[in-house]
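What follows is a pair of complexes built around chain A, which joins chain B in one and chain C in the other.
Up next is the complex of A and B:
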């Protein structure tokens, strides 16, 4: 709430000063060295763009070297025959990444706020690979981190339940290998049609101690979440999810990267590029994250995970600073 | 408000079948809001025993009443002599058991007909459809109203999302046991549905006329229109057809009776935030009772000078063809609206409050000697504050104020303090007050028999001057979790002081009076232990001392009752369970001290589960009362050993 309020105030202040959130940018982006392209006007994108800009300015990049734009605006610019020529594009979200990947810009493109499967989909559809010209920092957490969290928070759990949909099932092989290595047992079901979800869920819950949610709009969405959370709560099986919204909705735990954390990591990479380093040739996992706990649900399920402690241990395990 | 500000609306995340950052950044509707998170057992304002689905299933019980043998402090009868099997807590004082509340998914199934009864309500749903039974041991009028004077039985049916697919079950066995069940569950993410039809049939207790059949049909729909709101619809009907009466008792002849009931219930819940929601409940319940037998009036000739209209009957002797049709026919219905608001303020305070309007209608020319309808209206206002005084101290403060169109207004308060001494060890102390206004029958019964327009007899006359029974209950409780030993212990020490106890008294016509004040004191505990893998041991014991001077009522609960149960999972999906019940002499429901009998019963169950792909099945053998027969309800009614086999198939 505080973050939202801050962003609202920030946007309001900007609007007062400059007549619009996007008009604050002092540099005409023809001369900008960093051009941030957002997929949407929603607060999360503004917030990420602001945090990214602030971090770069803090690191000595003149504010005038940084410009922001929206996908709609950028589409026009690219069509105009006078495309912008920054030193680096930072694409926030799938739409912006999609646009810049399709445009084949001169400057390297760093994609942020993007889930792994969206990025891979964009690469495939344009016949591209991750390179110094097009790279990404994923928004979703590595499976190993999610598994480690399950292990730490529920040491008694032996059986991990997972529901696979069309969008998530390509991660199944990766998860199976990790699960075997960690000594857990995987209870998995593939859901091919939305109407199969209730039965698949009942089956998975029947053989699990913890349910791990992996983003897949066919399975986890605002219409299905009620059934999933209610059923797992009735079965007294904690749901470990991938966003703070799920924790508010009723998931016991989630590990996620906040927009500000994503912005910081993107800023570090951007700074490297500005200083002459190439973009990483492999997409990066998010290097910072939060653990969210729904204390009321945890209490009702008689578990007591400590968000801060879990985050610290996870960071130590991954040897993150 | 965050939903709109953060990332458009929820619809954004849904349209796209591809994963995008919106899956990670969008808001989600609050699902597990405050009222959906039940109080922990160590934080409830009183002792609670939960019978979960595994326990219910593994007991092999065919009636909810039988399951309550597993709960400390309960008395149980399998007889249909008072319409349906009965239970009571801390004393089977009367023939119909009217000092307990029974709810099914929040709807009271306490029967206002008779003298008030929990029996028929306990038969409302198939055991297969029950998720769990929460038994609130101890007075709970502060949350559930007058009828919860000694305790509450909350039956929670399974969510329809958990009962998708088809299920069929057949039980056959000795003593005419023949039960059938068919269930179908269907639906998708927006709504799930269930239809269950079942019958339960047996020849009853030997020596009784209790050949009985219960037929039920129940429908439940859970509709999730938008992820925030929840709508549930429940419809059902039940018929009990049984025999009752005694051979040779001309006023209680052997005959068949039927009790039919039907209900509709609509629930709506709207979630305002994780910390606040409101719910609305509407329900209609109706019941009808049909019971009659012929009575040869000729047998009254020797006493016809003592009949009410002696002048007429002394000069008009009855002939052999004068047959009177004695009936107890009648109907009752209730309509209820309940509105409830649940709020949480931070971690320290939460509040449930609301109101209820309840209208009950009873019609019976046979027992009220009038064609008019008795309408009793109750308006209730209730609230409970759960206040975390300090980290390990929780105070529950609640009250229910009831205004009745017929009896005096009352306020039933409760105060309970829970102290988590150390993690896993909780002490509880509290006091509560409850009232039970006299039932319609106790106040207005008027059972008269007329012949040729002349009153021959009046057998029961209600007493409209009756005061409500009052109960002050004090208790001390302890809940312990010994996780290293895989053991848990629940102890309740109770002192229940009853004032103005309502009793039937006198010569014909019998009537009700506010009788003595007395106390029910004692201690009960339940120990659960998993000594090794797959094993579950349960030990309950209850010591009860009822201080009444009336010897029959003093034995309304046995001085000592024990339940010992051992269940073991074995390889090959085999499960065995052995349960032994043992209680000292008690008078069953409304018996007298000469009828008091000890009860000893051992039940055995052996089951094997099977699986073929998605299909599941189970075959189970149950033997109830492996030992010698015991008396139930009446000295002459015997519960003999009975074995039955259940075959269950699920797809």
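Up next is the complex of A and C:
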């Protein structure tokens, strides 16, 4: 009965959409060319998945070629022995990426909405490297962009404070080079133990004008962020962070990529793959971004950054359209 | 168990539940209150510690000892706080305040801990200081790949609280609760006492009421009903009691009325009987008085007749005549004795005396009578002395032996005296007579009772003897016992108190001593209104050789004196005409003669008043019929001993 009803409804929908509408009916997973696997049902993933789909459809990919799935469903289907065979997997989030990396699919896997540290962790744990079969678009902003933002927002700042953790210390060399180029002085400290954080923070704050937070869950997490923010605020050192959540929590500035922006970038890569191009051999950094400002904290610190202006300047500097 | 009175029971019934409830309520509320206080104390302490932990988070994170020190100093201001310490993650004390002797060292723990040192009344609480988390909700953190690390413990806050103030508050509360309980209990007691009084008073009143009704005071009910208030809880009971009392009162009244009626009837009967008895006595007295005059005269005439010379036949006739007169006189004497004993006119003259003389007299007086019947009268001689009235004892013995002789036909009569170990002396009269049947033994002592003499043969006596004996020994207070067996004989035993003998003692018994016949030629004044008696008396006195002046009444007697008669002795009748009695006349005559002339009175009256009057005046009262021998003996005494001072009361004949 239900099947009959669904068929009638489908027929009705096809009639409304006009002739040649067959191509637009979402195809079963088995025949979909793009399979989007979300880590869970969080808004950020559904939003990204929707934006991705819309973008692909907009670019001429029939909606029937695009399928969406969740990690839980995917796990069952992989176990059932009838794995889906799309042209490309788009994994949204760490869990989806880990599942697909572990499954060893034939189709290339593009991971999006994933922090650098997580992706690298997955690669390490599965003994893989970034390749045409498994690539990613990081959530983390490029160091240059962040440095440029610091420079733009706090032109008078001379000393940049950075805390390195286990996950982030491999970027230290890159940052140092950039810092030197920009004429800033780097005040950096490595935190190996969580207990060392207060001392390290105090050291860094003592010798810097701006504190740049680089994503590292060992240092910046929900348990530490309050005290870090408090310390920096007391020291009247602005904290430039990497996520809108930090701006809400009290960081004066953050540069980040929105789900829609990430979806667009992923869609472009997907389109390339669908058109025969391989996945990029290197993990990609986000090409679009937003700047967030906590006006309350900015006022308290006597600064008045303009988020839109900063974004525009940064985009111009990076020669982005 | 001791019985509780109604008041105590009521009070207990009222107070015990009160005490129980108030104690239980007090205990429950106090305990609940203590629990609340303790809970509030615990909560507040925990809140203080948590607050301190939250406040110290950043200080611990930043290692700011100054800030922490300020914090602990501030925490010390909180109530009951004795010691505060903030430890860092490695367990080092970064800041502390308070009395160090109340410090606690505790291991680091991520849990809230607390404890109580009961010896010092101290509570310690520890609170881990953990970094406060902000939910970042960003992809960098919730990657789900790496295990989420436990946020490191920043440190620990330890605070020590003293229970001193809460203990004090508990103590105060206990005190005030106790005070309130005691006050309410006191109030309850007062209330119970007051209320119970409202119940007890009516009960007490009713108890008293019933008690008074029990005593017969029925009027108490009406008196009480006026006091009863309308709201009396026992009003109904009281009204019922009132009803009951009224019924009782009515029944009581009716009963009394009946008793009164019965008593009245009895009294009437008694008065009737007394009237009848009095009438009988009057009749007897009148009859005996009227009998005495002729008998008196007859005795005198016969006595005079006997003095004349006669032939043998006439002599025998006169002898029989004399015996008949004597029997008649004996009857009258017996009646007189009884009346005197009844009138208590006999005076007891108690003194020690020897029984020997008494026995001799008895032998002398009655041996002739015994010999007449051919009986043997044996009076065993004795040396014993007794304490009693010799005259009365003699009279008793005379009656007992006379009786014994009368009822004995063969054998004899024995009189003995025995000394008893108790000091008593027993006088016993044995006879071998007809005896007295047991059914008659009690009756023989009554007047005129004679066993086996329905025909009233006067030779068997008059039936007065034992009655006189009994009355006499009763007067003397000597016990008399009779033992008798019909056909075998009778034994009377009289117990007397013994006495020490006095050999030089004079003879007590009145005894006719042989005195010279010195009446001859003496002058006697005879006053007698009865002509027959006067002539008999005058004739008798003249026959004894006396000169006699005679008078019919007081006027004649006084006239005699004026005619020059000087009597040596006055013999007067007691009952005279012309407003004088013999006593007054004698006194008048003695007054006129200016000389205490000896005198004697004669009377047919057995009136105790007359006997008393004569005794008081010191005059001898001779009762008619007077035996000529007795009169002669008396006259001789009177003329011999002038004036004779004799105990007249003791004279029974």
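Rule of thumb we're sticking to: the second predicted complex is superposed on the first by the 294 of 321 C-alpha atoms of A that agree within 3 Å, B and C clash if a C-alpha of one lies under 4 Å from a C-alpha of the other, contacts with A are read in each partner's own complex, and residues count from 1 in each chain.
The rule is simple: contacts are C-beta pairs under 8 Å (C-beta built on N, C-alpha and C of every residue); 3 or more make two chains touch, one makes a residue touch a chain.
These figures come from a predicted structure and were not determined experimentally.
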Side-by-side fit of chain B and chain C on chain A, or clash: clash
Chain B versus chain C as contact partner of A:122, first or second or both or neither: second
Which of chain B and chain C A:233 touches, first, second, both or neither: first
First, second, both or neither for A:221, with chain B first and chain C second: both
Partner chain(s) touched by A:76 [first = chain B, second = chain C, both, neither]: neither
Partner chain(s) touched by A:302 [first = chain B, second = chain C, both, neither]: first
Chain B versus chain C as contact partner of A:294, first or second or both or neither: first
Chain B or chain C, by number of chain A residues touched: B
Touching partner for A:166 - first (chain B), second (chain C), both, neither: first
Residue range of chain C overlapping chain B upon superposition on chain A, of 128-136, 236-244, 398-406 or 596-604: 128-136
Contact residues of chain A, present in both the chain B and the chain C interface: 39, 44, 93-94, 113-115, 117-118, 121, 139, 194-195, 198-199, 202, 215, 217-218, 220-227, 230-231, 242-243, 245-246, 249
Touching residues on chain A, where the partner in the complex is chain C: 39, 44, 93-95, 98, 113-115, 117-118, 121-122, 139, 194-195, 198-199, 202, 215, 217-218, 220-227, 230-231, 242-246, 249
Complex interface listing, chain B residues touching chain A: 2, 5-8, 10, 13-14, 16-21, 23-32, 34, 36-38, 40, 131, 159, 161-162, 164-165, 187-190, 192, 224, 226-228, 230, 274, 344, 347
Complex contacts: residues of chain A adjacent to chain B: 1, 4, 8, 39-40, 42-44, 93-94, 113-115, 117-118, 121, 139-140, 166-168, 194-195, 197-199, 201-202, 215-218, 220-227, 229-231, 233-234, 242-243, 245-246, 248-250, 256, 259, 294-297, 299-300, 302
Chain A partner contacts - residues on chain C that touch it in the complex: 57-58, 61-63, 89-90, 130-141, 143-146, 149, 151-152
